[in-house]
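Every chain is named by a letter (A, B and C) in the order it is written, and numbering of its residues begins at 1.
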Amino acid sequence: MKLKEIVQYLQGELINSPGDVEISGCAKLDEATNSDISFLANLKYKNLVNTSKAAAIIVSKKLEIDTDIPLIKVNDPYLAFALVLEKLYPQSNAVEEGIASTSVVAESSDIGKNVSIGHNCFIGKNVSIGTQTVIYPNVVVLDDVSIGANCIIYPNVTIREKCVLQNRVILQPGCVIGSDGFGFAPVAGGYKKIPQVGNVILEDDVEIGANTTIDRSTTGSTVIKSGTKLDNLVQIAHNVKIGRNTVIAGLSGVAGSTEIGQSVIAGNTGVMSDTESGKIYFGTPAREHRKQLQIEAALSKLPEMVKKIKRIEKHVQLNVDDGENKK
Amino acid sequence: MKLKEIVQYLQGELINSPGDVEISGCAKLDEATNSDISFLANLKYKNLVNTSKAAAIIVSKKLEIDTDIPLIKVNDPYLAFALVLEKLYPQSNAVEEGIASTSVVAESSDIGKNVSIGHNCFIGKNVSIGTQTVIYPNVVVLDDVSIGANCIIYPNVTIREKCVLQNRVILQPGCVIGSDGFGFAPVAGGYKKIPQVGNVILEDDVEIGANTTIDRSTTGSTVIKSGTKLDNLVQIAHNVKIGRNTVIAGLSGVAGSTEIGQSVIAGNTGVMSDTESGKIYFGTPAREHRKQLQIEAALSKLPEMVKKIKRIEKHVQLNVDDGENKK
Amino acid sequence: MKLKEIVQYLQGELINSPGDVEISGCAKLDEATNSDISFLANLKYKNLVNTSKAAAIIVSKKLEIDTDIPLIKVNDPYLAFALVLEKLYPQSNAVEEGIASTSVVAESSDIGKNVSIGHNCFIGKNVSIGTQTVIYPNVVVLDDVSIGANCIIYPNVTIREKCVLQNRVILQPGCVIGSDGFGFAPVAGGYKKIPQVGNVILEDDVEIGANTTIDRSTTGSTVIKSGTKLDNLVQIAHNVKIGRNTVIAGLSGVAGSTEIGQSVIAGNTGVMSDTESGKIYFGTPAREHRKQLQIEAALSKLPEMVKKIKRIEKHVQLNVDDGENKK
């Protein structure tokens, strides 16, 4: 594919090049060769533009830069890069259509057209799987699960009984959908397990990261609304409701029965109470991102603050005067 | 099942209803229909009672509330709800008794009566499995493992060699029992792996969450005592000992060789030293819960405190007077 | 094996014993019996030496201790203990050589000599596997993966397409190599997935913990350099580069595109920006370990500091005088 064809496909504007060079791949600014397209979305990497060996760099129309490197000017460089990646690296289906010979699919299941089920899978009773869905090897789907169309389920995933995946859901390897919620009633000598009889609903276009876990609801449903993306090693407890187009980064957890509006949750965050839409959260317990960053900045000064307060106390003789210290 | 039969089963007291309504399920206060039982255990949801459409609500005998909604008064509403869930949603065994045709079980293994082993499992040499235990599809049990009676092992679990599960142990999907402890001796040019030749012992009634990992001991055993419950994505390092009836919430970790008394560990907590029985811990590093909450409350004021201290310093002219600053 | 043979093997010096006792195992100081070797590496356990029932204890040549317990004096007791463990507990290969009958290996794959592939595995197209490598049951290796010699891959691991493992790599159960990086471009009404067309490279002697997840790069490679060890439940995001002989403890995460020098990352740490070689990091966001410990120590005093500042303010009448408070 020639550079000028890519420019046309992106409806971008090419400068510093006639566009005749053949493009074979995509790469980061500092790893690109002269047959690669690269991109600049984060201005922190702007200084890499002039040393990049890329055949052309996708940049924002608004970028002001003095360079003789070929640039493709577009409205949204990150999105444009995604489109080029799709074009140059068409995703092939790594699982053959049909049901692999070593997989076991219950007779009562309803498998749609053009479904691919890889080797060593187990599909339980009354499961329905929509058209074009691809299930990689060693996936387990228990009874009464409903999976929509055009889903991709990577290896070693477990989907427990009664859970629902709508359309175009992607499950990265090893994630668990519908494990028991963590509910135990204290009784004499220990705990009694609370049966977890609900399920999990993943709406359209949800993506779940590798080894992430989503607990089924005690009753009713744990719900993740359409367009929401969860990173790896995220823990969603029972009865949680997560709004549309929410993004939760890795190693974050959401406590039971929490409702999350359409938000962004940064990594390593512990969400322990409801969050508001349109906000970014970070920390354990989760705080608004800006507030948490202010706290983190102040924390760096904390050891010195302890010393300062001691000096001030000494100066104002609080240690000897203040009544509260005498208690 | 009629409402009055449920009341009798719970040995509760029914008010505001003759009890003739047919009950078909259980649901949360705000999701219940007129054939559902609901419950109120956490008084924070008390205001939902009068708007609930539930056929009846299980409440504490001690609850004072003005309502004409049918109530079932009991000593422990959460426990009573667990009992009703068990009654109305009897758990069916989703795995057929016997060994599924696609599973491989070593001849030297000792499989008890009425054991169910699902498809695509691998059971190694000299493994013993007690009566009534259910193993879901795609579970791997390596050599010399001992599993007691009435255990439930969900899909994609790995139990490595020599580990011991006593009776009624539940392993949620994807958890790993007996991975190598993280031990490396620094040597010239890198690290030498310390062989991890011990095992893991999970005593009676232990439950382990989805994708949780429990490392085998270097020598001897990593031990989780009876009745203890671990949530999802918990990491237990080698040589750890956890006391009876301990509860550890999701995304928490326990560092190597730590001893945990009968405690409660909140979510997203990093336990880095021994804990005392009867206490609740939270934070990284883990502190007593109340102490940690005080710190969290104070943290919210931290950015302002930095400013306050600056103003105080200016006021008392510490910045110019104090000897320590001149160093 | 007699004690004196072990002493000779370690090139150590035996005191308080003629060395004729037969040794059958290794154990911790407080768990050892009179046929066990034990060791003292951490001086915090020094007081356990005189009450230990061990046949002999491996200690540092430099240790000064008054005891009549048999001691084996060596340069590095931890390393010496590793060597004894290897000697007394030779690791047997739990997987039979060859390809198990229930596994599926694509014809185009290149399987080296003396490779062992356990049951229920799936090995995709154009995969190469080096000599002596052992793959436990229920592992999935997708197309175009390259695995070196003498690797050990435990059960339920997923290695996605195009990833590279060099030699002597160990993957603990359930870990995921090459899941999609977490990249989404905001578009009207939601997010567009950025194709993740890169891979993961694990160099020689890398070990990856149970249920740890390593994302493939958007383009190019996520790289973990030789000798690096990752504990359980660690999350490595896309485009990360980790230096040689780095150690990352459990439940830690490394944010996308971060470069980590040869460092030590403590458990439950969130690395959100590049780290320097030769340093230890801890906390979220990660700080240098010593700095973080100072902050943690100061945090314990924080609730009291809030009170102190109030008292100081009252004392110096800042609350009434200071202009900033009147805003």
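FYI, contacts are C-beta pairs under 8 Å (C-beta built on N, C-alpha and C of every residue); 3 or more make two chains touch, one makes a residue touch a chain.
Every value quoted in this text rests on a predicted model; they were computed, and no experiment measured them.
At the interface between subunit B and subunit C, two copies of one sequence, fewer than half of the residue numbers in use appear on both sides, so the contact is built from largely different positions. Copies subunit A and subunit B of the same sequence differ in orientation by 120 degrees, per CA superposition (steps of 5). Centre-to-centre spacing of subunit B and subunit C amounts to 24 Å, using the average Cα coordinate of each chain.
Counting partner chains per residue, subunit A shows two or more touched chains at residues 102, 120, 138, 156, 174, 211, 233, 251, 284, 299, 302, 305, 309, 312, 316.
Across the complex, subunit A meets subunit C through its residues 25-28, 31, 76, 78-79, 81-82, 85-86, 89, 91, 94, 100, 102, 118-120, 136-138, 154-156, 170, 172-174, 205, 207, 209-211, 226-227, 229, 231-233, 244-245, 247, 249-251, 267-268, 283-284, 296, 299-300, 302-303, 305-306, 309, 312-313, 316, 318, 321-322, 324. For subunit C in complex with subunit A, the residues that touch the partner chain are 102, 104, 120-122, 124, 138, 140, 142-143, 156-158, 160-161, 174, 176, 179-180, 182, 184-185, 187, 189-195, 197, 211, 213, 215, 218-220, 233, 235, 237, 239, 251-253, 255, 270, 272, 284-285, 287, 291, 294-295, 297-299, 301-302, 305, 307-309, 311-312, 315-316.
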